[in-house]
Amino acid sequence: MADPMKIRANLVGDSTEVKVLMSHEMETGQRKDSDGKTIPAWFIQRVKVTHNDKVVLAAQWGPAVSKNPFVSFKFKGGAKGDKVTITWVDNHDDTRTDEATIA
Amino acid sequence: MGIIGRLVAGAALVAIAGGVLHGCATAPADTEVSDRAAAMMKSSFKSRGQATLARLDQDETQRLCSEYAGRALPASIATKIEQANLATIQYPADGKLVGDWKSGEKIAQSGQGFQYSDDPNKPAGANCYACHQLSPKELSYGTIGPSLYHFGKLHGYSDATRKYAWQKIYNAEAFAACSNMPRFGHHHILTEQQIRDVVALLVDPASPVNQ
Amino acid sequence: MNTNRRQALKATGAVSLLTLVAAAGWLEPGDAAAAEGWNKGAFETHSMDETMKALGGGAPVPSSDIAFFSTPDIAENGAVVPIGITSKVAQTESIAILIEKNPNMLAAVFDIPPGTDASLSTRIKMGQTSNVYALVKANGKYYVTSKEIKVTLGGCGG
Amino acid sequence: MRTIIRRAVAAAVLAGTLAVTVGGAFAESTADEIAKYREALQDGNPAELWEARGEEMWKAPRGPSHVSFARCDLGLGPGVVKGAYAQLPRYFPDASRVMDLETRLVWCMVNQQGYSEADATKTKFGNGSAHRSDLEALAAYVTAQSRGVKMNVALDEPHVRDMYRLGEKMFYYRGGTHDFACATCHGDDGKRIRLQDLPNLTKVEGAQKAYTTWPAYRVSQGELRTFQWRLNDCFRQQRFPELAFGSDASIALTAYLAGRANGAAYDGPAIKR
């Protein structure tokens, strides 16, 4: 199973700033291994961030997103103690969900 | 390099060693640490691919430059190192020192070669851009060595300039004892033709270096 | 990482993923087409024109209301190129990143629901020096700005 | 056709905005932009992913003996991690040897957790999720617990002092096909290789800045790398044979550089090109 994400969610003024690091190879499918065989593509395709069951960010990614992806954004309406939940799904249908408390 | 060249070089280097032993002012304790460090390295490194343990065996130039590193190199030793290395320089039998600058630019860009991770069957590069500015088009250049931009333009497109460029690439220690620059000809890092091409990159009026 | 968050992460493991995403209305449990929420066609294009077609939009209008931030002109390494995009176009619905000279042009699309700032940063890969486009969808229309990012070579073994 | 459309769109975009860099960049602006690049990376360091994995590993029972690192003494007492890295390498009487962090972790894995030496060092340097390195994750966790702690390697301890002096000799040792020593690239102020700044490790400030920012997440590799890796890969590029993991030479050179960094606050794991 994939490693947990590292999520930071901090209240800055009236916005919640979310910063997330995900553990993923984000293999492009363009690289070759030492034997010259193409390494198959393996990357996160969809990301969803929710706060109180409301979607605050949704994304579709291709393999050009860097290995161990990082995203930072802000949304309004969060309060200290609320949960921010992040889910990703990759092209192998592997998935991971983690949550953090707004500080 | 031909066998005769190697013998000459060897003899010259032995001569330096003799001279240094007489004038050696290094404290015994320091020599003892140096010897132990060398022995420790022999047991701590392992041969891998083309990079065998023999690479740790120093020639006289390497030994002296290590010994005096971090302090002033006495002028007499510097002169001896330079003379010995000047004697190693070989010239092409056909006397042609200048090749194709376009090929030279590729050689200057490539850092491949002689690492245990490199394919020994592929030609090595000179990696000039790692340390020098050359063509103004390449922004990613290093500063360990001086800028060589306008090398030919500044030095003049003369036979003397061409010969100096050849010699410097072949064995930089001939002009600057304990230079940071590899001895590309002396250590057979580059072939004769590759050296010609890098010389061309520096001295050909059409080379981007001289634009 | 503080202990509280670590515990929070552990607690999450107990929650069924499906319950969680179903609650968010994102995936329906047992929906065979769930994996198709990814626009495959759009991620296999080689030009702005093709990408726009796959996204279902027309030619984007250049806009000075879109700006890059914390996005250097030169990347020391193409494997990780920081990209920040802010859109001041009213009713911004999504922000996409396109890299002209990558094997496939579209790198990422972010949907921006109401209440979320139309401003985000992430990191993308670039195979070589290229124009990078910030494509914004607002009120059904597309807007774009671009900048060139140079990718440099590095290292002594390079 | 496709190309033409793309160019046309690009041209339209270029005409419509001023966001495109004007050509003819030169050295100073290059340096400025590289500085901006590095700054932009600081915001999120994937090294944290390694730290989190290392923390789990540090606390969990492991190996044939099924024991955690709770009894592993990094020099400040069994299981004490806080500040330990800032005093390594140090002399460990139980092993009769000066050890750096990685060799000490291997020692605990072998002598306490029951691993064979070969198993403990099987994946010294990770390569993707299929070949992850426990040692790199553990090192990320342990070093992060010294963040902000001043480097304080015991140079007055005779064994450490000796390794420091041997390491200094190694630093200046020229060899190989290219005549390189560590000092070739790291013996002068303000130098670069290609666009990478080279710390002058012969000066205290240079050694401090360099040593206190390892381990680091290398964006070029997408991996967290420790100081053992840093030395190993420097020697590869020096065209030397391979520096053996945890060898005396690796510890001597680490002792030299860590000792020269004394007094500076540890600031890793960092993120680097």
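Labels A, B, C and D are assigned to the chains in the order they are written; within every chain, residues are numbered from 1.
By definition in this document, contacts are C-beta pairs under 8 Å (C-beta built on N, C-alpha and C of every residue); 3 or more make two chains touch, one makes a residue touch a chain.
Quick caveat, the model's predicted, so the values are computed rather than measured.
Taking C-D and B-C together, the pair of chains sharing more C-beta contacts is C-D.
Remark: subunit C and subunit D have CA centroids separated by 31 Å (rounded to whole angstrom).
Distance between chain centres (mean CA atoms), subunit B to subunit C: 48 Å.
Look at where the CA atoms of subunit B average out and do the same for subunit D: the two points lie 30 Å apart.
Among the residues of subunit A, those touching two or more other chains are numbered 4, 6, 66-67, 70, 72. Residue positions 25, 30, 43, 48, 52, 185, 193-196, 219, 222, 236-237 of subunit D each touch two or more of the other chains.
Residue positions of subunit C touching 2 or more other chains, listed in rising order: 1, 74, 79-80, 121, 150, 152-158.
Interfaces, counted as pairs of touching chains, are A-C, A-D, B-C, B-D, C-D.
Within the complex formed with subunit D, the residues of subunit C that make contact are 1, 6, 46-50, 59-64, 67-68, 70-77, 79-80, 82, 84, 100, 121, 131, 133, 144-148, 150, 152-158.
Interface residues of subunit A facing subunit C in the complex, by the touch rule stated above, are 4, 6-7, 15, 26, 28, 30, 45-46, 48, 50, 53-67, 69-77, 83, 85, 87, 89, 91, 93, 95, 97-101.
Those residues of subunit C that touch subunit A in the complex are listed here as 1, 4-5, 8-9, 12, 15, 17, 20-21, 23-26, 35, 37-39, 42-43, 79-81, 99, 102-104, 106-113, 115-117, 119-126.
Touching subunit D in their complex are the following residues of subunit B: 33-34, 36-38, 40-41, 43-48, 51-53, 55-58, 61-63, 65-66, 69-70, 114-117, 129-131, 139-144, 173, 180, 182-183, 187, 189.
The part of subunit B that touches subunit C in the complex is made up of residues 109, 111-112, 115, 117-118, 127, 129-130, 139-140.
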